[in-house]
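Dumping the structure here so I can ask a few things about it.
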Amino acid sequence: MLRKQMADKSIKARIEHTSLSPGRLFLRRLGRNRAAVASAAILAILYLSALLAGFIAPYAMDRQNRQASFHQPIGIRWSDECGWSWRPFVYDYRSGKGITGYEKAAGKRYYVRFFVRGDKYKLLGLIPSDRHLFGIDAPGKLYLLGTDRFGRDIFSRLLYGAQISLSIGLVGIIITFFIGLTVGGISGYYGGAVDNLIMRFSELVMAFPSFYLILAIMAVLPTGMASSLRYLLMICVLSFIGWAGMARVIRGMVLSIRERDYVTAARSQGVSDWRIITRHLLPNTVSYVIVAITLSLPGYILGEVALSFLGMGIQEPMASWGNMLQAAQNIRVLTSYPWMLAPGAMIFITVLSFNLLGDGLRDALDPR
Amino acid sequence: MSLLHINGLQVHFQTEAGLVRAVDGVDLELESGRTLGIVGESGCGKSVTMLSVMRLIQPPGRIMAGSILFEGRDLLALSREEMRQVRGGGIGMVFQDPMTSLNPVLSVGEQIAEAIEIHKRTSRRRAWSMAVEAMERVSIPDAADRAGDYPHQFSGGMRQRIMIAMAIACKPRLLIADEPTTALDVTVQAQILNLLRDLQAENKMSIIVITHDLRVAAQLCHDLAVFYAGRVMERGNAEQILSNPGHPYTIALRNSIPGFSSSGERLQTIGGNPPNLIDKISGCVFHPRCPTAHSSCSDLSPVERFVSDGRSLACDYHALGEM
Amino acid sequence: MYRFIIRRVLSAIPLLIAITLVSFAIMQMAPGDFLTQMSLNPQISPQLIEKLRVTYGLDQPVHIRYLRWLWGVVRLDFGYSFAYHMPVIKLIAQRAAATLLLGLSSTIFAWGIAVPLGILAAVHRNSWIDRLTSILAFMGISVPTAFLALLAVFAAARTGWLPIGGMHHMSYEFMAPWQQFLDLLRHLILPTLVLGIGMLAGLMRQVRSNLLETLRSDYVTAARAKGVSERVAVYRHAFGNAINPLITIFGYYIGDLLSGAALVEIVMAWPGLGRLMLDALSGKDIYLVMGSLVISSIMLIGGNLLADILLAYSDPRIRYD
Amino acid sequence: MSSYKLIEVRDLVKHFPVTSGVIRARKIGDVQAVDGVSFDIAAGHTMGLVGESGCGKSTLGRTLLRLIEPTSGSIRYEGQDILRLSGRQMRPLRRKLQMIFQDPFASLNPRMTVARIISEPLEVHNMVSDAERNLEIERLMSMVGLDPSHAGRYPHEFSSGQRQRIGIARALALQPSFIVADEPVSALDVSIQAQILNLLVDLQKELGLAYLFISHDLNVVRYISHEVAVMYLGRIVERAPVESLFAKPLHPYTQALLSAAPGFGKDQRQGPVLEGDLPSPMNPPTGCRFHQRCPCAMGVCRHHDPLLEEMANGHAVACHLWSASA
């Protein structure tokens, strides 16, 4: 007994701390890729802002100001001809002579205040609140990125739109991945007739002209449909098209890992199927799957954008980056109020970040 | 004058983990018409040395120092264009895996003819017929018909014959064969070894064979160079080295091969593992695993010295000295 | 080879039937039809609508209508467009021509730039040109088509250098043939750039990574050992093998030409199939929708088949029988 | 050392169907990987199995452990036909039958530490209590010559020779009596190869293990085996005690293999060098499978399949040259 204890102690003491798991090595390599780290940070900020949209946005999603239609962005200032201010402030704007354009009403400063009361919202969809990160006393206006036709604050709507546009990718990919993992896993692990059937079916799905098909499905939805239902249906349709490719990737991965000697070794030792799948197959697919998810996620975001842009997706007054961009389609709006393109820039930044992060993950996984 | 003379060659690879001194001061000499075997375990720098002769070291590898004289000209000082003439013209090379070293989308005839076109400056048609001749020389049946076939249509042994035909098509003075039989089955390996021996007798060319198998080297080579950790441990006449090895590493290497010692007898082993070339070893590179290491071996790097006609050793305490 | 093609074409038939069946079913799920919208117009009498309903066969049960439509398709009769008052096939032929023109020009543009740039980036790996092209490629992959198209329109409107949309100038009819040609070219430039940039970026990355892979291969080293020049090693040996995956991608692009251009067409007022499809969908112009779907499915299947055939020619290891 | 028959293999056959067709797979032929193989292995003894790539030796090894289900035949372990056992009944027997692999990189799960790799079989079979597990890991690691303080490391931190030792420790964890070693030293450097071969021999002496030792290297097989079987295209063509086989090979294929295997010194070959390559196992030649490459082929070889017949002292050969009936 004493001998056992001593051995126990000695073995623990002697295990060196230098040893790095493959996962740690992966993270360490990823950490050296500055673009990927920056992208991850940007994405984290974006998702966090979307989550706390109600708190961060100075206005509610549908707060209109008929007197401020197509208001240009209002810059926050720290100084003017009267000198510096230790508090940020904005000027007031009055509507000008023409139909468009607002002129600066100089002189009066409106200070930006923090943790102010404003429009009511529900934090995380649960907690009712009316505190906002920042705001301004009426009649001051805080349109960081300008307003749209109805005088709604674009910055606030971008944050609310992010809730839709960013979550659609995440939820969509999770559904796709879940179907893909199940179907591809079964197909790869069991093989034979099941495999053959599933693969033929996935080929059929992939032979559909997917964009037109999605368009057709979205087009036949009744116009009066609740937007949350529409949102769900859109995810389902996008996932239905996407699962086939994912299933084939996972099937290929399972097939190759199933043939590795360490799986054979586990089988030869009487390790159960379940344990082989959970201990040997899945942990070794995880990193590939993360890369695959990161790289295919932008497809869902862009899918929502395309559908909503064509008026087949998220409907007004709900905000999504796609339908906000739709408002810029009018040539007169586009040329006179270029800030309407802001949602496009947001989509671009998001998709770029996902692509850079995915590429970094792939490099870290398979360094050459 | 020797056909090939390598002097103080150093090749380094800058990797993520650190600087790898793959070849760290190698001297070699090969007389015309002879076969030199380069033996050693994986990662000992034998392939890198020969790729340096062809100047085919790709980044992150770099030749840091040394000279490689081929027929009196320093290959490392040649222009790119001059070097291209040497490759395939003066020196032919055969690689380990005939499966991956033949271009899968070009017919084998095209691949052999390509070498001929470059070095002989002849017409396409003439190059093709010379390619067929080269295939006949390596005993590929129905060479004329099969020249239009693609690599995947040949068996492993036939592919290696095609690689050899490609390397010797322009009658090089030196043929470098990098593990030419490792990827092949034993019976096919014997065919290829016979072929190499016949070709040498016919063409009077020199051959360098890189191999990890001392027995393959014993079959084919006049001379031997034993590599360890990017350095030459021992070189000289093959028969002499195998019957009476001088360097402790050569002795250990030979004795660890089953079949050398008779069956039932316990194999002699070399303790420990081959060194990681990133960590610099002070003194003799072999001393951590050497069964006869002296205390000074860890401090002083042994100088290669000649012991008898053509034999040289890099060991300060070699057994041959006492003879 | 011919047997393979015939077999593939034959196996495409059940696929097409399945696709049309699904599409027909989807269209049926929509409440109402084209005539329902017409009936909201007080100037059209209910009698007339009922008559039209019989004429168009909309009074028949679904399966009869589908079979009728299918029988028509076999005879190359894709039905009649309610909104445009003309046979679907004629309408599609017009619009598909415009889409194909755009698709073709952007494909040529994308491949013409992506392949040399990709090769350059791979050969000079980790050089400034590699880094620059890779940054541009990432931006190109990530920019949403609709956003890019809007930016292009914005730029065109602000500078006035290029037309902001459409395919022809208003006075196109009165131009001399060479003026017409130049006018078409001017209208083609922006949509081509917008559609091409997305393709170009992805393709360039693909060319680069494929070539890097083959440049590392043993047969390229073996070729160098033969004394071939660096150019021959890169272009004949490495690129010759790197091209195979690109051919598959090429087939995919061909297949995707019709639906891939939809967003650009809509933003830039290009009179192609994408706009037609969108209008048809919102107008519940069912036969027009079906016709467009069939055509784009055929393109998709044909593109993949084309890729397989090209692949067999470029890679001797692939044999179909 | 007792030498009762631990393993008895009779008429073992494994055919892999080759299929073609897209929608409905049609069978277009069989790869006859193993085609009617019989042999015994005594407890504590080593049977060497040699042959060139594609001759079916690996398939045979995996079939013995039921990692591949054979087409027909019987495999008895201590008299019990393991092919008749259900998966559940097979589980306790798995402990007794273990395997060592060729590739030291592919055979260890890269995401498990050495301790977990070695302890997994212990957990699955409840071999030791949780409390004793660390002690057992330490014992196994020392036994195969690994430093127990490295138990927390991952496979990628070891050299190939050390990885092979981990694989051996894993196989030993269940205290087997029979181990299939599938080319365990082919991927290793010569100096490491000798270490592993010595280790296997030591373990055999210490634990009374029986091995089926698969290799393409005649010298390695000669060193480690008590008895050797030579395989060609799914068949055993010659089987004999090791001394007898190397002193007096009977089958022309064995003779060719022996003369092809390089030894020290030049031109010491006696036998002929074989022409041609191994035929495809999908359509093996009729008659004797070796007749197309055989330097001594006779008319009868083309049509009649020779049987494996015992000549003397356990030396059996399948060749018409030696057949009494021919």
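Each chain carries a letter (A, B, C and D) given by its place in the written order, and its residues are counted from 1.
Basically, a residue touches a chain if its C-beta (ideal position, glycine included) is under 8 Å from a C-beta of that chain, and two chains touch if they have at least 3 such contacts.
Everything numeric here is computed off the predicted structure, so don't read it as measured data.
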Partner chains shared by subunit B and subunit D (touch criterion as defined above): none
Subunit A and subunit C: spacing of chain centres that average the CA atoms, whole Å: 28
Euclidean distance of C-alpha centroids - subunit A vs subunit B, Å: 55
Distance from the mean Cα position of subunit D to that of subunit A, given in whole angstrom: 53
Where subunit D touches two or more other chains, by residue: 22
Junction residues of subunit A - those touching two or more other chains: none
Residues of subunit B touching at least two other chains: none
Touch-based graph of the chains, sorted into line, ring, star, complete or other: ring
All chain pairs that touch each other: A-C, A-D, B-C, B-D
Complex interface listing, subunit D residues touching subunit B: 52-53, 159, 161-162, 189-195, 197-198, 201, 216, 218-220, 222-224, 242-243, 246, 256-257, 259-266, 269, 273-275, 277-278
Subunit D-touching residues of subunit B, taken from the complex the two chains share: 41-42, 155-158, 185-191, 193-194, 212-216, 218-219, 239, 242, 252-253, 256-260, 263, 266-271, 273-274
Residues of subunit C touching subunit B in the complex: 217-219, 221-230, 232, 236-237, 240-241, 244, 314-317
Of all residues in subunit A, those that touch subunit C in their complex: 204, 207-213, 215-217, 219-220, 222, 298, 302, 305-306, 309-310, 312, 322, 325, 328-329, 331, 334-335, 338, 341, 344-345, 347-348, 351-352, 354-356, 359
Residues of subunit C touching subunit A in the complex: 15, 18-19, 22-23, 26-27, 29-31, 138-139, 141-147, 150-151, 153-154, 157-158, 164-165, 258-260, 262-263, 266-267, 277-278, 281-282, 289, 292-293, 296-297, 299-301
